[in-house]
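Chain nomenclature is as follows: A, B and C, assigned in order of appearance, with residue numbering initiated at 1 for each chain independently.
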Amino acid sequence: MVGRRWWTPWLWLAPALALLGVFLVYPVVDTFRRSFLDERSKGFVGLDNYRFIIDNPQPLVSDTHSALLNNVMWLTLFTVVTVSLGLILAVLTGRVRYEAAAKSAIFIPMAVSFVAASVIWRFMYEFNTDIGTVNATVTSLGGESTAWLQNTGAPHTWLTERGPDTLPRPVQINNLALILVGVWMWTGFAMVILSAGLKGISTEVLEAARVDGANEWHIFRRIILPILSPTIVVVATTLVIQGLKKFDLVWVMTGGRFKTDVVATLFYKEAFRIGDFGVGAALAVVLLLWVLPIMVISIRRFQFQEETR
Amino acid sequence: MARRNPSSSNGSPAAAPGVSLGLGTARRLAARLPLHLSLIGLAVIWSIPTIALLVSSFRDPTAIAASGWWNAIREPFDLTVGNYQTVLEKQGMARAFVNSVIITVPSTVSVILVAALAAYAFAWMKFPARNLLFLLMVALLVVPVQMTLIPVLRLYTDLTIDAELPVLGGRIFGTSSYAGMWVAHTAYGLPFAIYLLRNFFGSLPRDLFESAYLDGASDLRVFFRIVLPLSMPAISALAIFQFLWVWNDLLVALILLGDPSLAPMTLKITNLVSSFGTNYQVLTAAAFISMALPLVIFFALQRYFVRGILAGAVKG
Amino acid sequence: MFRSKRSRLVLILVAITAFAALGLVACEEEEEAEIGTVNVLGIWGDEELVSFEAMADPWETDTGGSMAFTGTRDITTVLTTRVEGGDPPDVAIPAEVGRFQQFAGEGKLTPLSACEGLEDAVRDNYPQGFIDLGTVDGVLYGFFMKADTKGTVWYNPGFFADNGYEPLTVDSTFADLVALSDQILADGTPPWSVGVESGEASGWAGTDWIQQILLNEAGGAVYDGVIDGSIPFTDSRAKDAWEKFGQIALTEGYTVQEGAEGINATNFINSTYPPFESPPEAAMVYLGGFASGFITDQFPDAVAGEDFDFFPFPGGGVTGGANIVYAFNDDETTCSFLNYLASAEAQRVWVGRGGFTSVNSQVSLDSYPDAVSRAQAEQLSGAEVFRFDLDDAIGGALQLAFFDGVTQYLANPDDLDSILSGIEAAR
């Protein structure tokens, strides 16, 4: 734009940068510093805390390997399922008259606080078949009940006796059970944002395509998806990051026990239960570093978008 | 092939000329049956846990621990409003509701404002290290809140102004102040807000801006007259999520808002549960009471992503 | 011109606001030193909170002060953050002693001697064991209120009477317990209800079993040795305690939860219900004194002593826990409140409401509302051998490893040796 002064962008950015600097950047720097200090953040210990994460010397209390693997499962499975479901629902609900009602039904889990969600899902996953919905349904259909949140066995064992009892971590029944809760909560989020994106697609374009004889699937693939793809990237990136920093859900349902720990719950346990701020900080730094490649990929897409508009 | 109305505005197909209403409608219905079935089926299954919670909220605490919620919807109907009474009559619950509103509304408004300004700069202004700055800023999305609380609290205790804020109560700034909460929640909400808005702002067509600049419009004018109105879907979505996250926040309130008389509803509600976790059944009722306002907001704003307003607006 | 008028107006407004703010601040500083608000951070909610507020009422009326309570089950996090962040509460009443020792060691706490009359009152009226626990580096920093005995095995007196079972006594042995269990099993009822699920702390109910067995089988000295580390968890006596727990939990048919999966998945609160259902689904449940609250919540018509009662864990040794109270400053308000809290007069308020056992020797047994709570107080004060909860006393990573060890042991009893060395490694 002609006449824009060099300092104008910075003026616009100033409030955001100031707030982020104080509330997020400074603590991050502080955490980074603590990751090289001991438990009480007094003495310098070099890379000892990071070595702790790599060596995993206390698998009983803080199983760092298990936590890392669980996060991998979260950021892949959770994201893929939630984005897909959100996309399908955004498209489908846009086609029916009762759009608002359907959207609300999917959205309500987001409105429920984590505390309430944990209460609901404890009812769902309760081992006692008199109380637990899932087990009651399963047994009434002739299946076997199981302790959904405590069972670390391989998922297929619930259906069949064949095959190994346990698969390599993190493929465990209780992880899947937790991810299901995550999907239940976040699909509404994906759906709402993708819907907002859908609304930006000019109806004339869709009309024209239909007149030309394109079927719905074609329209979805060739028109909707490409236009929606930046929004999908935003949703997917946000969800991947959610998968990385997953804390509330896991903490409230299992406390990270029974091998469901993720890096965020482990960080919390180390910092606030065990009192080791050094290892806790190191775990937090792992999270921060882990997110960088994800951000690079998503920024690349933005650049692509910029070049083509 | 008969011409159909575009489905995004309403769901009813127009009758094809020349085909009797009965056969045509039936065929169309049959074609859309899988759509309806799968959608309604999914919505029902999705709602089961919520329905379970709703039913449980009307059950006696001893019944909740003794049998499954589905028992309550058949004979004998053992329903009670006791849980709701306990929550609503809890001393200070009304004040806690007001506190929640006082904390949440300004936090939501300010995050939208601050983020929109920054997102516009990221999307449509050129400046050095723009992409790097954006990348780093959004990377902050992953920072766990608990990690930031100790430094932030230290800052707040240093900045505490021990004078009372008139009308609203609490201190002017620092710990146990509403302003402290607004600033903190704004900051925590910024990474996602900027990320979301930048995407939407960036997807607006270039010619829109070009013609505006050619007409001599300043950045501010373009921002308020063009960008904001066109981005209402994104802004509404952001508003809802930010409202929800601040409304349901517990930890930040516990740490930064030491004075119990300023406590939001989330805090008051957790106090209904004993240190062992007993009396958790009131949480079922509390969940719905607490959900009421966010849902109202959702319904108020949903026209921005349920009904399109963009059709035709983007024409040059 | 328009601009300068506007900016002048703004300037005037700013000046007025600034002066007003200054005026407010100045007014604050002129306040006289009187009893104000004491900020208490604790874990209580629901009935407990109501009772604590009732306990603070007489103090508020007498002194004109007010007690502001912030309650959270996640007190360790909030306390740690607030202390590190420079905004500690005036008084903290958490659930465990680990942080207390750390804060005291770092000089963040006020010794009881800083409050006039407080230290003497505590030394005069509280048992030596609790005084020792509240002492760090020779200085007394905290006192204990709201204790709970963990030597209680709950049973249904009606069920026992109907079937001719005899509740055990202090002189019974663990073998007697097993024999009783076999007897009940033979008659067709699972003798035990065991549940260890508890979110992040799952397994603690099992640690209660193990430490109680350890105390009674191996004695107080060994118990103390495990706490201070001179006796590792891998020691044969410690291992024996685990195996005895395993005998109860894992013997076929012993538990209504039907073994490890059920025990790990059953919440400790729900585990107290089966013996008191009609008809009873199990015969006994071992859990601390606070279990009586769970039982009366679920069975509001149950009468203490008739429908539910406890017999002492065989052996005579009693483990238990209590909430420690400590302060971060020695303001007049804080001291006044602490003095009041430590007094028998205050504690009698909550004792009378039920669900509170006091260790203040001035609180007589008649203050207790029913036979069962009286018996619990008696057990605590009259125990031959008393020890504070083992994992609470150690705290930190070891406590968490202990909990995790229990759930893992239940699922994989053959791995006991590696589990025990894993726990010891966390020390």
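FYI, a residue touches a chain if its C-beta (ideal position, glycine included) is under 8 Å from a C-beta of that chain, and two chains touch if they have at least 3 such contacts.
What you are looking at is a predicted structure, and each value in this text was computed from that prediction instead of being measured.
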Quick check for the class: compute each chain's Cα centroid; which one is farthest from the centroid of chain B? C
Give the chain pair that accounts for the most C-beta pairs in contact. A-B
List the centre-to-centre spacing of chain A and chain B in whole Å, with centres computed as mean CA coordinates. 17
Rounded to the nearest whole Å, what is the centre-to-centre distance of chain B and chain C, using the mean of the C-alpha atoms as each centre? 38
Between chain A and chain C, the Cα-mean centres are separated in Å by 35
Considering chain A alone, which of its residues make contact with at least two other chains? 268, 271-272
Tell me, which residues of chain C touch at least two other chains? 77, 81, 199, 270
Can you tell me which residues of chain B touch two or more of the remaining chains? 65-66, 146, 150-152, 270
Chain A residues touching chain C in their complex are 57-62, 127-128, 146-147, 149-151, 251-258, 268-269, 271-276
For chain C, which residues are in contact with chain B within the complex? 21, 24-25, 28, 39, 43-49, 68-74, 77-78, 81-82, 84-87, 89, 95, 198-199, 267, 269-270, 273, 290, 293-294, 297-300
Considering only the defined contacts, which chain A positions touch chain B in the complex? 1-2, 4, 6, 8-10, 12-13, 15-17, 19-20, 22-28, 30-31, 89, 92-97, 99-116, 119-121, 123-124, 130-133, 136, 184, 187, 189, 192-193, 195-200, 202-204, 206-207, 210-211, 213, 230-231, 233-234, 237-238, 241, 244-245, 247, 264, 267-268, 271-272, 281, 284, 287-288, 290-292, 295-296, 298-299, 302-303, 305-306, 309
Sites on chain C touched by chain A in the complex: 76-77, 80-81, 98-99, 102, 197, 199-203, 261-262, 264-266, 270, 396-397, 400-401, 404-405, 407-408, 419, 422-423, 425-426
Chain B - residues contacting chain A, complex: 1, 3-4, 6-12, 32, 35-36, 38-40, 42-44, 46-50, 52-53, 56, 65-70, 114-115, 117-118, 120-122, 125-127, 130-131, 133-135, 137-144, 146-148, 150-152, 155, 183-184, 186-188, 190-192, 194-196, 198-200, 202-203, 205-206, 209, 213, 219, 233-234, 236-237, 240-241, 244, 248, 250, 266, 269-270, 280, 283-284, 286-287, 290-291, 294-295, 298-299, 302, 304-311, 314
